[in-house]
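What follows is chain A paired twice: with chain B in the first complex and chain C in the second.
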Partner chain A sequence: MSLPKPMMRGLLAKRLRFHLPIAFTLALTAAIAFKYTVTEPKKQAYADFYKQYDAIKDFNAMREAGVFESVQPTGK
Partner chain B sequence: MLATRALSLIGKRAISTSVCVRGGHGVAKVEDYALPAYFDRRDSPLPDVSYVQNLSAEQKSLKEKEKGSWVALSNEEKIALYRISFKQSFAEMSQGSGEWKSVVGGIFFFIGFTGLVVLWQRKYVYGPVPHTFEEEYKEKELQRMLDMRMGPVQGFSAHWDYENKQWKK
Partner chain C sequence: MAHPSQLGFQDAASPVMEELLHFHDHALMIVFLISTFVLYIIVAMVTTKLTNKFILDSQEIEIIWTLLPAIILVLIALPSLRILYLMDEINDPHLTIKAMGHQWYWSYEYTDYEDLAFDSYMIPTQDLAPGQFRLLEADHRMVVPAESPIRVLISAEDVLHSWAVPSLGVKMDAVPGRLNQTAFIASRPGIFYGQCSEICGANHSFMPIVVEAVPLEHFENWSSLMLEDA
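And then the complex of A and B:
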């Protein structure tokens, strides 16, 4: 009936020693994955869009569609 | 008060059940709930009182034997002493039950019932939706969104082919 004395101290420290490196690694991985799957493609998409963007042409197209209040379509 | 002091000679436990007669008002009965109680709790391992208060003759003799060397106690006697002091062991009090299944079942049931209530409400309580939800109106809304180039990079208008006036494949 004599059991070994259980661990009385240092339980949190032991848990942290094990879980903190894992937690940091996972968090870092998540951040890196997000950067290269979301933010970099988004930046590239915006760069590509504005490379070929003609603002005046776009403005005229919108004007003809009649969405502005300050200018009317050229017909009027 | 004097009566209590005199009775304290009998023993500590006697005080809690002693009679206190003051100013001719009579006896104040000590309720059960006001006395120290037994409880099984993981976070407070040692309750205020033993589980078994009124020991049988056998248990009393065991308690006497406990005053001697504990090596002389057999395993059954040690367990008997444990069961005098405690109702459930840590393993017994910590064991899970199947209660969670009832709880989850109840949750789903009431969510379902709420769904029925919401459906009934939609039919009998609320009036008609605004005209802005009509098919025609929605088409005009979407055309306006395309006209003003909403979300031109990655969003809505990015999927519209302005040359061919259709959605991009």
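And then the complex of A and C:
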């Protein structure tokens, strides 16, 4: 017969209580996603590159390509 | 060197630049964290007509939004200071080279053992060979031994210049009347390009830096040849 009194106060606070945890979670997710899709793969890529890196072989390939000024290709 | 439509740094060719790259990723991660949070809050606030006109203060939220930024700043400062001190370490260089800035070319002096000095002018576009890079190539490159610590003493003969090679993580102002020191290790042999990084007149964009890192024995052969030609 008589309606229950509607909620008249604290509506903005209620909205904030709902949205703030989502904002924090989303922000943390973005940071973690960036870390594991960009930061860690890049570190790993550099580590992997230098693990198998042969400086002399790389130098000889560049030398034969004729890119150096101080060293001429051997012609091999 | 840079490539078209590049967004990030050039590939690191020195240990310091690798550290700087990883630190940049760390700082950018924090930037994305804050930006995502702020953007979400902005959207949440502009998409409502709800207001509260009666908030006067709140100790709890003041503490939170003071402490959280302070923690974030510490998380940025600690790796930053680590790299700063890493770059400043006494590194016992194997070779010292003086790089002098002029309008509008660089000159390099290798005076550790003999007196070797030469100028390094940009190769004009019309004189480039096929495969060479426009505005980046120089007629005489600064040749250094790879995988050796190199000290570079930088100064200028006329106006301010700046000696910068992004892939080596090096940039140091060339100030007339002042000797600035920097150091680097080229982690691998190769050719590393840079450009003058302080406005110095009409041809500021046309005085590039080219560092050629080769194994030590080839560096020694090169320096002997250069001394014979001098």
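Brief remarks follow.
Assume the second predicted complex is superposed on the first by the 59 of 76 C-alpha atoms of A that agree within 3 Å, B and C clash if a C-alpha of one lies under 4 Å from a C-alpha of the other, contacts with A are read in each partner's own complex, and residues count from 1 in each chain.
Here, contacts are C-beta pairs under 8 Å (C-beta built on N, C-alpha and C of every residue); 3 or more make two chains touch, one makes a residue touch a chain.
Keep in mind it's a predicted model, so treat the numbers as computed, not measured.
By the touch criterion defined above, A:13 lies against chain C but remains apart from chain B after alignment on the C-alpha atoms of chain A. Within the superposed three-chain model, A:62 lies in touch with chain B and with chain C [touch as defined at top]. Contact with chain C, but none with chain B, is seen for A:39 once the two complexes are overlaid on the shared chain. Which of chain B and chain C touches more residues of chain A: that partner is C.
When the two complexes are laid over each other on chain A, chain A has residues 42, 46, 58, 62, 67 in contact with both chain B and chain C. Only residues 75, 78, 144, 147-149, 152-154, 162 of chain B touch chain A when the two sit together in their complex. Contact residues on chain A toward chain C in their complex (touch as defined above): 11-13, 15, 19-20, 22-24, 26-28, 30-31, 34-35, 38-39, 42-43, 46, 50, 53, 55-56, 58-59, 62, 67-71. Here chain A touches chain B in the complex through residues 1, 42, 45-46, 49, 58, 61-62, 65-67, going by the rule given at the top. By the touch criterion stated above, chain C contacts chain A in their complex at residues 12, 18, 21-22, 25-26, 28-30, 32-34, 36-37, 40-41, 44, 48, 50-52, 140-141, 143, 146-147, 187-191, 212, 214-215, 218-219, 221-222.
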